[in-house]
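Labels A, B and C are assigned to the chains in the order they are written; within every chain, residues are numbered from 1.
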Amino acid sequence: MTCGEARAKLTAYLDGELEGERGSAVRGHLRTCGACRQAATDEAALRDGLRDLPPVDPPSSLWAGVQARLAQAEMADAERPAWRRALARLVPSRFVGVQLGFAGVAVALAVLLLAWRVRGPEPARIALPAPTPAPAPAPIAAGSDVTDELAAAAASETKGYADTAAELLADVAHERAHWSDDHKQAFDARVAELNKQIAAAADGRPRQKAYRALIRYLQRAAIRDDVALAGGAP
Amino acid sequence: MTETAVADSLPSPVLAEPRPRVPAVLADDAQLIAACRRGEARAMEMLYHQYKRRVFGMAHRIVGPNDAEEVAQEVFVRVYRGLAAFRGDSALSTWIYRLTVNAALSYLARRGRRQEIPVDDSLSEVAAPPIAERDPGLAARIETALGQLPAGYRAILVLHDVEGLSHEECAEILECRVGTCKSQLHKARARMREILGTIGVSR
Amino acid sequence: MKLAIAIVCALGAPALAQPAAKDSDVVERARVEVAPAGHPFTQVAIDNPLGDVRIVGYDGAAIRIETHKRAPDEDALDRLRVSLVPNPDGTVRIATFADKTRESKPVPASAVRIDLVVYAPRGAKVDASVIAGKLEMEGMDAGGELDAASGPISVKNVSGEVWTHSVSGATSLVQVFGSVDAATISADVDLDTIGGERLVASANRGRIAGRRVRARDIELTTTEGKILLEAEAALHGRLVISSLRGDVELRLHRHGPIVVRGAGTKVDLGAAARTLPDGWMMSSFGVGDQPALVELRSRYGTVQFVAID
């Protein structure tokens, strides 16, 4: 074994990675070659010196710094436009090149796996939560059908929203006595706008959503005198 | 020198098992990750305390004491924000250390290689100067010499020799083959020896 | 090119021959699985006016739906349908309805139900609505919107933007990280371990109770009910808690400086509080710039603040 060969294997030898003959060949060379032995000694000392370096303790301010940065990052997230955020959710950075185009894309296939029908008390195979009793939102006429009742339920839900809005309007009326005229004007304008959206919305969920926006606005106005236009809600 | 004296002074090979300098990682990474993803403050703090020494230590030895805190902060932010996309292809620790090394190296690259000596791959295998005694200032000299190493060599030395990680883990962290890792380590140590001159061995 | 295939699961296993007896409903179960074709599912929309919905996130690409139908007899059972429409843009719509086209005797809503359990990939956004059934979501990472009339809503271990609204269904959110907006008309809102950038909760007639809450921007509002919150102040955070007639109580773990303002029939902000010229009381804790701002107000109720270091 030449010095060149020994030096090349030195690291592996010192880290105990050379087994059997290969290790002993290096060892044999080291016995006879002072220069290589010196190099080995130095590298071993270096290795041990590195290993024995004192551990560095992080300063106690590190955690606060981490939290502060996290906070900044979160605030930056809030500033990004919604479509960017949505896209980031759809396309995790790991998946490079995912295409969202659809020409000729096959549609997912639904496979009916299992179906069975029984009569009587159900066997406990699928662990579903115990069914909650379905309350009747309106008195059931004799012979009424589930489809009619569902329609009625939807209508009564919307009415519930409308009633709440009316209550809150009454609360606001009580509070606005000490408002300035500008304040009252801004409030009235905003309420008119929200009412227009309610009227324009389709029946069912869209209209309920529009009611919720009005209700939230009225709450803010009644409790905090907050009539600013930015007080929106879904 | 007599045969016996030579045998006594042969440097002893050390088993290739990694010798972690800090206690082993918690077994249940999955629970911790899930809780951190949910934003549970306690879990996030627990993860921080578990990894703070290694993250800060690696950052410290790669970028130096002045910038270590900033890099370590950046690493933890990347950890918490990146956990959502962490698929578990590697161990949590490996992933965190990879983030640490990458953050440290890119920080160095951005800052400019002020402390670097240009990489010289043709190692001159000259005979080393005479032996000096090992001294208490060794640690300090090693740290100074580390600061003068090229960044890539610094990383492998810190991971393998300072932190005691295995070749396999180093390769995963540095995203290279194990063989490449080993040869980088060899070169890194050789370069360190050049920078240090001689290091003594206690008799 | 938008392809939509409506797959209606009409399940036609032969009925067991047994005479109808009281309390002896016909029950039918089915399991359907939808696999994605190419790219992962992005959204699952579920509309079930006939029973409960439970959405469970899991680490897989397919959507698996377990349906559980119950009716007084076979005819009624046959009317209960689940429709499943996967779209090429990655959204899947699941809806239940009672078929009206067939000639069969009317059956009241209280006698039939369809309950759904949907296992979905965690990254899919959820859009679910029920009327009186329970609505539960857990283990999902892309948030969603949950809507109930009188059924309770439960969100657990979810991240992303989460919207919930309910008329009279109790709403509970546990371990939610991201951005939360929970609203009820006449039900309580319960929050446990919430984190992220924003938490907005409002109840018209109901209480809001929260613990281990750690969002940057918190806004809780009730008209009628009490608000009781135990939270951690985020750096540079903002907490606005207000009620018209309810009492407001905040226990705040603080890590940095905070400034607290309060107004109510009786205000307790701690010993160091002072009264401002506009009638509000104010107290500050800790030193530093950009403190977290806390505003507590109740028109006709009391306000209490406790800082915990």
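By definition in this document, a contact is a pair of C-beta atoms (placed from the backbone, for glycine too) under 8 Å apart; a residue touches a chain by one contact, two chains touch by 3 or more.
Keep in mind the model is a prediction, meaning the values are calculated, not measured.
Novice: Which category does the touching pattern between chains fall into here: line, ring, star, complete, or other?
Specialist: If you draw each chain as a dot and join those that touch, every dot ends up joined to every other.
Novice: Have a look at A-B versus B-C and report the one with more C-beta pairs in contact.
Specialist: Counting C-beta pairs in contact for B-C and A-B gives the edge to A-B.
Novice: List the centre-to-centre spacing of subunit A and subunit C in whole Å, with centres computed as mean CA coordinates.
Specialist: For subunit A versus subunit C, the centre distance works out to 14 Å.
Novice: In whole angstrom, how far does the Cα centroid of subunit B sit from the Cα centroid of subunit C?
Specialist: Averaging C-alpha atoms per chain gives centres 47 Å apart.
Novice: Taking the mean of the CA coordinates per chain, how far is subunit A from subunit B in Å?
Specialist: Subunit A and subunit B have C-alpha centres separated by 34 Å.
Novice: Hey, what residues on subunit A touch two or more of the other chains?
Specialist: Residues 92 of subunit A touch two or more partner chains.
Novice: Which subunit C residues reach two or more other chains?
Specialist: Those would be 196.
Novice: Using the touch definition from the top, list the residues of subunit C that touch subunit A in their complex.
Specialist: That would be residues 1-5, 7, 9, 11, 13-16, 18, 24-39, 41-42, 49-52, 54, 66, 68, 70, 77, 84, 86-90, 92, 97-98, 100, 106-113, 115, 117, 123, 125, 129, 131-134, 136, 142, 145, 147, 149-152, 160, 163, 165, 167-168, 181, 183, 185-186, 196-198, 200, 202, 204, 216, 221, 223, 234-236, 240, 242-244, 255, 297, 299 of subunit C.
Novice: Which residues of subunit A touch subunit B once you look at their complex with the stated criterion?
Specialist: Touch list, subunit A to subunit B: 3-4, 7-8, 10-18, 23, 27, 30-31, 34-35, 37-47, 49-59, 61-63, 65-66, 69-70, 73, 92-94.
Novice: With touch defined as at the start, can you tell me which subunit C residues reach subunit B in the complex?
Specialist: Contacts found on subunit C: 141, 157, 159, 175-178, 193, 195-196, 212, 214, 232.
Novice: If we count contacts the way the header does, which residues on subunit A are in touch with subunit C in the complex?
Specialist: Those residues of subunit A that touch subunit C are 64, 67-68, 71, 74-75, 77-78, 89-90, 92, 98-100, 102-120, 122, 125-126, 128-129, 131-137, 140, 143-150, 153-154, 157, 160-161, 164, 167-168, 171, 175, 205, 208, 212, 215-216, 219-220, 222-224, 233-234.
Novice: Using the touch definition up top, name the residues of subunit B that touch subunit A in the complex.
Specialist: Touching subunit A: residues 1, 3, 6-7, 9-16, 19, 21-22, 45, 48, 52-53, 55-57, 60-61, 65, 68-70, 72-74, 76-77, 80-81, 85, 87, 125, 127-128, 131, 134, 138-139, 142-143, 157, 161-162, 164, 182, 185-186, 189-190, 192-193, 196, 198-201 of subunit B.
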